[in-house]
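Multiple structures are listed underneath, in structure tokens.
In the two assemblies presented below, subunit A is common to both, partnered first by subunit B and then by subunit C.
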Partner chain A sequence: MKTKLLIVGGGPAGLSGAIAAAESGVDVLVVDEGLELGGQLVKQTHKFFGHQGFFASKRGVEIAKILKNRIEELGVKYMLQTTLVGFYEDTAVAYSREEDKTYEIDYDYVLLATGASEKFLVFKNNMLPGVYGAGAVQTLMNQYGVLPGEDFLIIGAGNIGLIVAYQIAQAGGNVRAIVEISDKVGGYEVHANKIRRMGIPILLRHTIIKAIGKDRVKGAVIAKVDENFKVIEGTEREIVADTICLAVGLQPSIELASQLGVEMVYIPELGGHVPKRDENMRTSKRNIFVAGDLSGIEEATSAMAEGYIAGYTIAQDITGKDLSEKINKYKEELADLRRGPFGKKVRSGLEKMGIVLPSGGYRTDLQKDFGPAGKLRAVMECHQNIPCNPCEAVCPTNAINMGGNINGIPHINYDKCVGCMMCVMKCPGLAIFMVQEFDEYSVVGIPYEFEPLPNVGDKVILMDRNGEDVGEGVIQRVIKNRKDKTHVVYVAMEKGLERTVRHFRVPSDEEDEIVCRCEEVTKRDVEKAIDMGFTDFEELRRYLRIGMGPCGGRTCRLITMGILARKTGKSMEEISNMNLRPPSIPISFGSILRGEKE
Partner chain B sequence: MDRRIKSHPILEFEGEETVTFYFEGTPLRAKPSDTIASALIANGIDIFGWTEKGRARGFFCAIGKCSSCLVVVNGTPNIRACITKVKEGMKVERQIGRGMPLWEEKQ
Partner chain C sequence: MKEYRVCIIGGGIIGTSIAFHLAKLGERRVAVFERSYISSGATGRCGGGIRQQWSARMNVRLAMRSVKLFERFEKDAGFDIEYRQGGYLLMAFTEEEAERFERNVKMQREEGLDVEILSPKMVKERYPFINTENLILATFCQTDGHANPHLANFGYAFAARRLGVDIYTHAEVKDIIVQNGSVMGIESSIGSFKCDVVVNAAGAWSKEVGKMAGIDIPTTSYRHQIFVTESLRDFFPFMAISFDGNFYIRQTKHGQMIMGQGDPNEKPGVNRNVTYEFLKSMSEKMTKIFPFLENVRILRQWAGCYNMSPDAQPIVGCSKKVNGFCYAAGFSGHGFMLAPAVGEALAELIIKGSTEHVDISFLDIDRFEKGEVEIEGNVV
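The block that comes next holds the complex of A and B.
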């Protein structure tokens, strides 16, 4: 097999490189191990941050489709289920799993976009089935629709840990906690906020000590650590979980780069050993390029930009055309993606290779103004300098602006905001809410991506930013967003709560507190009946059937009287005891018919 | 045990469980889109094999990088369950240790 450009890896970096090169007239062959093109994009169900013109606010799965379609349109050749196993002096060898045979591939140029693999973590029983990479769980649930457990513990509060935790909840799993060894969340605050408002604890300065179980995970022991990350004795505690997801970072997949003999450097900020390369993604060897996580752990948007830069540079070499305009456009894109505080690590890593990138130059001050009370308006809770601007781009009245740079904190001009909620549906961080105060009550519009959607009129439990219950509300409106799937649910609540409520949950049967076991009457049922005016045991009994089951009131009588006493302010003596009638246990009619009177 | 996601707010999972394969001799159902790993886990099977020292071994990375999910497929050991599609009639066994090499010519 012969190709001008051999691309190893069909993820965001590799496919972008293939598109750039093929568009410029270069013959390309993409080799990928996976079952489909797209790399890890095929499991990314969250909306991407970034520049509106460059896939921002699109979910990874959609981006994978767009890239794949473009590859097909351009007629790029690709081999799936095929692993590039070796680079030899004169040729490359690929192994096809389906055919169980190898292919020799002759090439002029190589773009390595081999990505990264998940780091493992050392703790007791860490090899038990049920200890999985967080990305592995994401693959299983989002690509194959299989959830490997019910109760999950996540290790690591970087963006992957936070995103996977959220996606497990979307798939119907329980996330028991996220454990993070450092004293702060490593990922974006907006991702952490989505987790916190659901009531999932993020335990900072905690670590996992061991997995519990014999042949598979049944739980975990976690503990607090001190400032030197040493476990503080006596703080160990058990967590019930059947799946432990390790989200402790990624390491570049450097095997092929090493085989090719390109110069490698050890730069911890980029994920460890990485190939040395220039601004155009060219390694120490003229015809070998790298892009994506292999060249430094980052994320898919920068991987795509790097892929384009590499692809156009290779095309420029091969065809002799001047493609510097396109190359520079993506360089600017990359510089902007890395300009903010979250780009600092990558910036300092690249500086060690002699690549200096700009920083700063964006707005950092937060908007203090909550907007004019009474007006239906958007409230932005985006407090970090993240390179992201879909809210600004989508706003039809130009009410939202980032202050001139994509990394700026968004501000909203309340004179211009018309309450259209387009920004709420677009925001990748789900960090924009709608608010309106009325005379008697207030309403909050919450971005919602869970099933099932509540119905208008449903009573829900209101939750604050930390997931604490703060009262009850009623669903007022449900705005379905069929295209983007971020729906907006309006909840009516007591006035004043609009500043605290950021999530809600539908009370489930599992949370019911039962008073009467026979008739399944809950404490809530009893309290509601008392509020309606039933203040006597006999009345309650006729209304709720409490005490009329087979046990004859043995279980519920005292508890019900206690609730009555508390709610009515009467003492137990003042409350009439229930009338206890025969039979004291259920007996059959037959036994009575056969009965003897004497 | 069925661990398939029934409804999802963002994704739609297509396909029915029309494939039958055998795990340690027991017939199991899978979707045509399944890998061996996703089909096993959907069926509640988490132990894919045993190490030489007798430890239970499951999958870890799900994308073909870690080689933790090696199983024996139709007699051939060291098949990565996470990136190998399940097929009708496929015979999958738990791998013990490094697996036994196949000396015979395959039929």
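The block that comes next holds the complex of A and C.
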């Protein structure tokens, strides 16, 4: 098999490189291991940040489709379920799993876009079934439609951990907590806020010590750590979970780069060992290029920009055409993406390779103004300098501006805002809300991505930014967004709450998770009582009347103890057993009166 | 060593009420030591009645003060305790008892308590579900009532804790340290603590705790059994009780009927097992007076201890022999209903040296030595 350009990896970087090269008239072959083109994009159901016009506010799956369509339009050849097994001195060999045979490939140029692999974490029993990498959970859930568990514990609060947690919640899974060893969330605040307002705890300065279970995961022991990441003794507690999802970072997949003999450097900011390359993505070997996570762990948007830069540079080499205008456009795009605080790590990593990128030059001050009370208007809760501007781009009245740079904090001009909520539907961070105050009540429009949608008139429980219940509200309007799938749900609430309410939940069957059927005690009742300070089983029982009904505690005893154990970290053995009192089934006065002694 | 002003032994309604009232008076250096869990003793096992109709005048006063405090409980402690002033119907089945009731009512009215005397016909009219056969007369006080003892106990404990009191559960006091006639501290399963005052609120174990300080608390504990039925609709707002008939019965907020009786043949000692004999004798007696019970099912029975004093009245005060040793014991089956007033009075006595709201000097242990004893008759 012969090709001018061999691209290894059909993710966002590889496909972008293929599009750029093919557009410029180069013959391209893409080799990819997966079942479909798109790499990790096919599992990403969330909307991407970045420039409107450069895929921002599109969901990963949609981006994959767009790239694939373009590849096919351009007639790019690609081989799926095919692994490039070796770059030998004499040839490159690809192995097709489907055909169970190898292909020798003759190439002039190589673009390596092999991406990254997930880091693993060492803790006791980490080999138990039920311990997954975040990517695996996403594959099962978003690609194959299988939820691998019911109760999830996520390790790592970077963007991947946060996004996976949100996707699990959307799929109906129960995220017990996100455990993060450092003292701050690594991912975007807007992603963290989506998690927090659902009431999912993000436990900072915590780590996992061991998985509990014999044949599969039944829970985990977590603990607090000190500033040196050492476990603080006595802070261990158990969390009940059947799935532990590791999202503790990525490392570049450098195997093929190494076989090709390109120069490697160790740069922790870029994820460890990476191929040394110039700003056109060319490695130490003239005909070998890299792009995407292989060249430094970042995200899909920058991977695509790198792919384009590599693709056009290769095309320039092969065809002799001047493509510098296109190349510079993507370099500017990249520079913008990396200009803000979240680009700092990559910037300093690239500096070690001699690539210097600009920083700063964007607005950092937050808008203090909450807008004129009474007017239906958008309020923004986007407080970090992340490179993203769909709100600005979509606003029909130019009421929203980023202050001249994509990394700026968005501000709203309330004289111009007409309350059209286009920005609410567009914002990838779900960080824009609609607000209106009336004489008797207030209304908040909440971006909502859960199924099923509530109905107008439904009573809901209002939640604040931390997921705490703050009252009850009524669904007033449901604006379906068939295209983007970010719906807007308007909830009416007590006046004054419009500044705190940012989420709601429908008191569903789950709300009535009954623990004690006789006395209709719910799981929530039990958890609330434990939070109040009832940590002794007998006290809890007497307070809630658990086991005081006709069944005598058959249903509720163990369940309650389980909740108590989970919440307090006590073992079941430590929890005093309840006194089981006669009669063991209810008997009537009459049956006693009619009783016979003999 | 951790230091407190007051260490209270017993986390029942009495101990936690004293703790709450001490904290309310501004004394936050208070700890409660409970050997098991809150409401594990007699409080969590009692019928929950709150009555002012007593035969001894001082008890009427004490109970009336308690009712005032129960009325304010939710406001004071921030806890709904299912308090209901549905009244108490005292039923006399003998001429002798009827005469006594009439005398009592005269005294109770003198104390300002609103009590009615009802003929069997009036009882039947009001409460057709009661079989009034053999009833001579009944007395009724609307401001009597009942509450959920667990919740009241938790209410005091949580409120005290909020005010700064330390409440230790699963913490057993092993000894009281007395030097030169004064309390110095306690030894417990969770360590030693210094304190100026120890309060014996140990209920069924008050005698044993008294011995730790070298003080003889003349109490004896006896088992009392009790049971509860399945839920019925809400129709029985009051507590019905008879001393010569030997029973009490009420309906809880949740609809369950709760009832019990005393057993004159019960042997002294802490025994919390239950007997079938008790169910049989209750079934026979209760279905006669309350025929609707015939088809009602019994869910659960249990037992607790009355800590009886020689005159069936509480022993409350501070020792004149051991400085700093106080006691609130021997409640003889009515500790729950008296707890608010006793807690308040003893807290006042400890902090201010004298009581302000209700005189409890008649409850001091001295009365047994002086021979000034009036036996309270209105006890099941």
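Definition applied: the second predicted complex is superposed on the first by the 510 of 598 C-alpha atoms of A that agree within 3 Å, B and C clash if a C-alpha of one lies under 4 Å from a C-alpha of the other, contacts with A are read in each partner's own complex, and residues count from 1 in each chain.
Definition applied: a contact is a pair of C-beta atoms (placed from the backbone, for glycine too) under 8 Å apart; a residue touches a chain by one contact, two chains touch by 3 or more.
Predicted, not measured: the structure shown is a model, and the values here were computed from it.
Colleague: Going by the contact rule set out at the top, does A:Leu35 touch subunit B (first), subunit C (second), both, or neither?
Modeller: A:Leu35: touches subunit B, not subunit C.
Colleague: After superposition on the shared chain, which partner residues are touched by A:Glu539: those of subunit B (first), subunit C (second), both, or neither?
Modeller: In the superposed model, A:Glu539 contacts subunit C only, not subunit B.
Colleague: Looking at A:Met548 after the superposition, I want to know if it touches subunit B, subunit C, both of them or none. Which is it: first, second, both, neither?
Modeller: Second partner only.
Colleague: Considering only touches as defined above, state whether A:Ile232 meets subunit B (first), subunit C (second), both or neither.
Modeller: A:Ile232 contacts neither subunit B nor subunit C.
Colleague: With the two complexes superposed on chain A, say which partner A:Arg581 touches: subunit B (first), subunit C (second), both, or neither.
Modeller: second
Colleague: Figure out whether A:Arg216 sits in contact with subunit B (first) or subunit C (second), or with both, or with neither.
Modeller: So A:Arg216 only meets subunit B here.
Colleague: With both complexes overlaid on chain A, does A:Leu593 touch subunit B (first), subunit C (second), both or neither?
Modeller: It touches subunit C, and subunit B stays clear.
Colleague: Counting residues of subunit A in contact, which comes out ahead: subunit B or subunit C?
Modeller: Counting residues of subunit A touched by each partner, the higher count goes to B.
Colleague: Can you list the residues on subunit A that touch subunit C in the complex?
Modeller: Touch list, subunit A to subunit C: 519, 532-534, 536, 538-539, 542-543, 545, 548-550, 552, 576, 579, 581-583, 586-590, 592-593, 595.
Colleague: Over in the complex, which subunit B residues touch subunit A? Could you list them?
Modeller: Checking each residue of subunit B against subunit A gives 3-11, 13, 33-35, 37-38, 41-42, 46-48, 51, 55-66, 82-85.
Colleague: Subunit A touches which residues of subunit C in the complex?
Modeller: Listed in rising order, the residues of subunit C that touch subunit A are 36-40, 44, 150-151, 154, 158, 161, 169-170, 228, 230-231, 254, 256, 274, 279-280, 283-284, 286-287, 293-302.
Colleague: Touching subunit B in the complex: which residues of subunit A?
Modeller: Touching subunit B from subunit A are residues 33-35, 40, 45, 59, 61, 81, 83, 97, 117-118, 120, 127-133, 135-137, 139-149, 170-172, 215-216, 253, 449-452, 485.
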